[in-house]
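What follows is a pair of complexes built around subunit A, which joins subunit B in one and subunit C in the other.
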Partner chain A sequence: MNILQQLNDIFTPERVLTDEDSLQNYGKDWTQVYTPDPLAIVFPTSTEEVQALVKMANEEGVALVPSGGRTGLCGGAVAMNKEIVVSFDRMNKILDFNSIDRSVVCQPGVITQQLQNFAEENNLFYPVDFGSSGSSQLGGNISTNAGGIKVVRYGLTRNWVLGLKVVTGAGEVLDLNHGLVKNATGYDFRHLFIGAEGTLGFITEATMRLTNIPKNLTVFVLGVTDIPALMQVFETFQNTIELSAFEFFSEDTLSLMVNDKGYARPFDTEAPYYALIEFEVDHESKEESALQAFEACAEEGWVVDGVMSQSLQQAKDLWRLREDISETISAYTPYKNDLSVNISKVPEYLDKVEQAVNQNYSEFKVLWYGHIGDGNLHLNILKPDSMEVSEFFEQCSKVNPDIFEVTKKMNGSVSAEHGIGIIKKNYLKYSRSKEEVELMASVKKIFDPKGIINPGKIF
Partner chain B sequence: MNILQQLNDIFTPERVLTDEDSLQNYGKDWTQVYTPDPLAIVFPTSTEEVQALVKMANEEGVALVPSGGRTGLCGGAVAMNKEIVVSFDRMNKILDFNSIDRSVVCQPGVITQQLQNFAEENNLFYPVDFGSSGSSQLGGNISTNAGGIKVVRYGLTRNWVLGLKVVTGAGEVLDLNHGLVKNATGYDFRHLFIGAEGTLGFITEATMRLTNIPKNLTVFVLGVTDIPALMQVFETFQNTIELSAFEFFSEDTLSLMVNDKGYARPFDTEAPYYALIEFEVDHESKEESALQAFEACAEEGWVVDGVMSQSLQQAKDLWRLREDISETISAYTPYKNDLSVNISKVPEYLDKVEQAVNQNYSEFKVLWYGHIGDGNLHLNILKPDSMEVSEFFEQCSKVNPDIFEVTKKMNGSVSAEHGIGIIKKNYLKYSRSKEEVELMASVKKIFDPKGIINPGKIF
Partner chain C sequence: MKVLVAVKRVVDYNVRIRVKSDGSGVDTDNVVMSMNPFDENGLEEALRMKQAGVATEIVAVTVGTEQSQDTLRSALAMGADRAILINAEEAPEPLGIAKLLSKVVEQEQPQVVILGKQAIDDDSNQTGQMLAALLNWPQGTFASKAEFEGDSVNLTRETDAGLETIKINLPAIITTDLRLNEPRLPKLPDIMKAKKKPIDMVEAASFGVDLTPRLEVVSVSAPEARKPGVIVANAAELIDKLKNEAGVL
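Here is the complex of A and B:
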């Protein structure tokens, strides 16, 4: 029996798509640089169907690619070689909720924002948040260990996963950790699947943890004189008050937001860099503490001006200056890199990366923004108007080895929160040793002996 | 060349012990039920020495057993078969500290309390805390993913590990995660080593994360009418205030503390169960919130009396009622079980386990205490005076399958935070599926192909 017939048997025909539009749409993610060419798109509705599919794929030797919200930036969900794309669009239900455990059992196709809203309806909070939370799916978040803008207080997605049901590449169903808080019974495979970019098997259910809603989140935007000063500001605030975000962006980035989006500057004074600091003001003494930290930073000359939100609306407006950057600069065909180092090394690292870019291509404009609070910098190189797109990307990729060499020397990460996928495969060696990569391949072989699950991704 | 000669070459003779006292001492942990019989005890001082030892062990086919503070309760560090015990007593230095990163690079032999004190000296806080923190070592904490009394706010040891340097069973040195907060570059092997009970390799360096010191920790002890009421109290407080601990103990347990230790009762009213609740009072409004929660619980009839600490000393005194239980009941030769279920299932679970014990052995006295806030219950069966120790332990181990059958049915854990070691090997199947255990064995084979690192532990 041919493969399409078998798919129709497993899924019923209306959940097997082979039309060109669907193949193009479901075969790619936000990277856009790869040409999709899957065999079919299927839409399972249960763990059993996923298991049947994996067993069939093992017998037929056909590859499967997991597909969530397809908001990835590294090609982790791209299908270019007649694979079957497994979309979780129809496994998008919240199955269970317990207010004592503060746990929510979700299907992998639940949208991040759907979980955030569900939590809020139950007077609780799901704290992982980032630009694509309106379309990214939970299965994808877990598979890339998504981070975002509140990591400094709440950690990454990993912190919020109490349990996972998975179908391994061998077709076995594993029920990992049963939603327990404490469970010291051997290797915790849950953490192996988190961040594995779907290369070990499919997540078909996830039990997520919720927490209390933060009260009166307040935003402080500060103009900062340089990057070393930014680090001092970070340390000062960190030691004064519990932060829920500590973001930054450069003046170049802000100008672009002001010019292109028409957003108001936070204050008139211009500064080379801006810090956006968020914290909970559950009592007015917190506001006083934040103001004292600000004054201390101003006295030291690290900070030239600042504004603190006095309302929810003002806080939202200030956040837009940071949150809308990625979307706004997409008009400039940016070449993106998602990097991290130890927080304390940020000034030296930023300097060296800028040198590497400027030495080779002084005509390129570099925009910096990101999450200082966790050492994660988004480097964006903007395309000069005069240059063709293909030429620009080729030139940029030539700078990569220089950037990654600096990253390696400083024990940083070539992908802080976007994953490796296809786009960074060749650069994995700058962050992981030869031995580690070999061990990864061996571990994959255990969970996916025939190599049918998302082959060619990561390594 | 024989093995002892080779050990002398690697370590210099004064760091190789073979006298009977040392063999007995370093060959066992707190379980005490196994007869130690190691070949030698060695004391490495560097990663290189550990690597040389592992290479030698691979060539000679001799087994190695990691040894930390030997405070384990499951035999994870016991050597009974002429193994070489690798003690980390001499790798007990704090190597580096960074106040911006809030990271501390530790050797594995650093004592938990040493790290806690170091943090405090730097105006920071290492939040993992438990009874044996004065003698347990960090390498052991990480290898068992130690939990303790503050998990409800701070999570387990896993949360605080930024990086690990390990020597695998194959003798490879891996530098895992480089102390980064965000690093999405393939499988995170750091999390595989955490909780692996030293079966994949040796941890030779750990980068730990610190946090802000909590302000004015305050303790509330409440008398509670029954276990379902205890859960309501938990939910009420959890929704009102950020908890740093939510512990419980039974009246039987409290009586024993009062009679044996001469501790004062928290208040005169007797109750079947007591909740010990800890939270940060960084502003007096928090105290008011806690009192309101207490009043709400009293109105519902869940709580019969309560006392809130008014000083640090009073908070300490109240904590002793809970923290000193384990040591105090050790005089009664208790048979211990460290169990967990989803928090919301605690009432049903506790009932069923008690039934299982009573049905078989109604003369046994059962003491309950533990960490309600994370679903972790310590079940202690006390030896009747009339019964011989060996007879008692044999009888108890016969109750185990009944207890673990209930645990399995309710998707709980047969070892919440103590690990599997030797003592629970036969019960692993009640918490992990056959497929999972087989995958564990395959993963071990990758990291330790000759099976020389802590063989016979976990599975």
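Here is the complex of A and C:
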């Protein structure tokens, strides 16, 4: 039987799309550099349907691409070779909540923000948060082990996954860890699926953990003299109070936000870098400590000026200076790199990377921002107006080996939290050894013997 | 010219409001409190008047419990010169607050009193008007623009019909709209300095005004939750539901 017919049988025709608009739309993620060419888009509503699809795909030898909110930045959800895109848009329900376990059973298409709101309605908190949480899905978050802006305190998505239901590439349904906090019974396959970028199978249900709502989150934005000073500021604050975020952005980044989109500067004094620091003020003494930390940093000459939010609205407004960067600079077709090193090595690393870019491409404008409290830097190279997109990307990919060579030497990562997907495939070797990559391929073979699930991604 | 700015400590605009289970009011235990947003506009306007050389001294005043000192500290950090806390355990009604403020006006002799057009906790929108009546001063409410000229001020007001510009003589009462200005964030060095600025504490009872409540709150309840929507298959079903279930056709 022809494949489309079989899809119609499994899903009913209204949940199988083949029109050109849908193919273009669902065939790509946020990267926008690849030309989508899927065979069809399907919208399962149950684990059973996904299992039936995987069985059919194994028999027919057709590839499947798991697709979430398509906000991924590495091409993980891109379909360019007549694959069937499996969208979880219709599996977007919260199925169960247990207030004693503080666990929520979610379908994979639940939007990150939907879980955040659900938690808040129940007086609890889901702490994984980032610029795209209004569109990204839990299935995508888990498959990329998404990080974001609160990692300093709460860790990555991995910390919040209590259980997973998956359909492997071989078509088995596995119910992993059953929401348990403790379970010392051999290999924990749950952790293989977290961060697997959809290459081992489909996540069809996830049990997520919630925590207490932080009280009175307060934000400082500080003007900082240079990167070594920024690290001193980090150390000073970290030793004084528990931080829930420590982010940074450069003056070039801020002035672009101000000039292009009319964001208000937090204060008039210009500084080469800005730190955004967030912490909980559940007691007056916390504010006192934070102010003392500020004073100490000012006395040392690390900080030139700063503001503090006086209301939750002001805290939100300050956050926009950091969270809206990604969207604002997208007008410049930036070439993005998401890098990490040990926190203590950040100043040396940033210096060396900047040198590598400047040496050959002094006309390129480089913007730095990121989750510096995690040693995670977003390097964005902006396209000069006069240059064609293809020419620009070609030039950038020539800089890459230089950047990644530095990264390798310093034991850093070529992709801190965005994944490998297609975009970083050729550079995996800078962060993972030959043996490791071979083992990854062997693991994939076990879960997906015919190689039908998201082929060509990661390695 | 001296400017008096009234500020109020309210449940933060971004907090999800919870009604107490006994229906006696809104739960404010362990809830983030901030300055009423309209009052931030009031204070910002006064600060701009000072920057422009129109105002010489800015005094922030609040009626509330001792915890309202937080709000006054924010006002001082933003740039108010000094602050007055009128200590009242039971929150007075707008009339009571207007009476207390009229006494402060007698003592301080400001040329302008700026208040928010309403406080976001009870949304009364009364205090400024009542204060104007008690003092027998001109009032310009819902101001979105203020231009001072000698001993009068040109005020642009936001009304249901559009914008209205009036000229009123000083001394006067102004109540603010959110579009009046973009309030500044206090700088950290100023927050430190604000800790040393004076706050005068006065007992509400010492003013000798009648604060007896005139309203009785019978019960407080949360708005009815929105019913979830339904997806209909076609227009015919929609019309049927609108006619027979919703009864709107």
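Assume the second predicted complex is superposed on the first by the 459 of 459 C-alpha atoms of A that agree within 3 Å, B and C clash if a C-alpha of one lies under 4 Å from a C-alpha of the other, contacts with A are read in each partner's own complex, and residues count from 1 in each chain.
To be clear about the criterion, a residue touches a chain if its C-beta (ideal position, glycine included) is under 8 Å from a C-beta of that chain, and two chains touch if they have at least 3 such contacts.
Just so it is clear, the structure is predicted and the values come from calculations on it, not from any experiment.
Judged by the touch definition given at the top, the superposed model places A:459 against subunit B, while subunit C stays out of reach. In the superposition on chain A, A:144 makes contact with subunit B only, not with subunit C. Within the superposed three-chain model, A:6 lies out of touch with both subunit B and subunit C [touch as defined at top].
After overlaying the two complexes on the shared chain, residue contacts for A:375 are found with subunit B alone; subunit C is out of touch.
Of the two partners subunit B and subunit C, more residues of subunit A are touched by B.
In the superposition on chain A, A:51 makes contact with neither subunit B nor subunit C. Looking at the shared chain after the overlay, A:216 reaches subunit C, while subunit B stays out of its contact range. The contact sets of subunit A with subunit B and with subunit C never meet. By the touch rule above, subunit B contacts subunit A in their complex via residues 98-103, 123, 144-145, 147, 151, 155-156, 158-159, 168, 172, 174-176, 178-189, 191-192, 194-197, 212, 231, 234-235, 238-239, 242, 282-283, 285, 340-344, 371, 374-376, 411-420, 424, 428, 431-433, 435-437, 439-440, 442-443, 446-447, 458-459.
Interface residues of subunit A, counted against subunit C in their complex, comprise 120-121, 215-216, 220, 222, 264, 266-267, 291, 294-295, 298, 305-314, 316, 318.
By the touch rule above, subunit C contacts subunit A in their complex via residues 12-16, 30, 32, 34-35, 37, 74, 77, 182, 185-189, 191-192.
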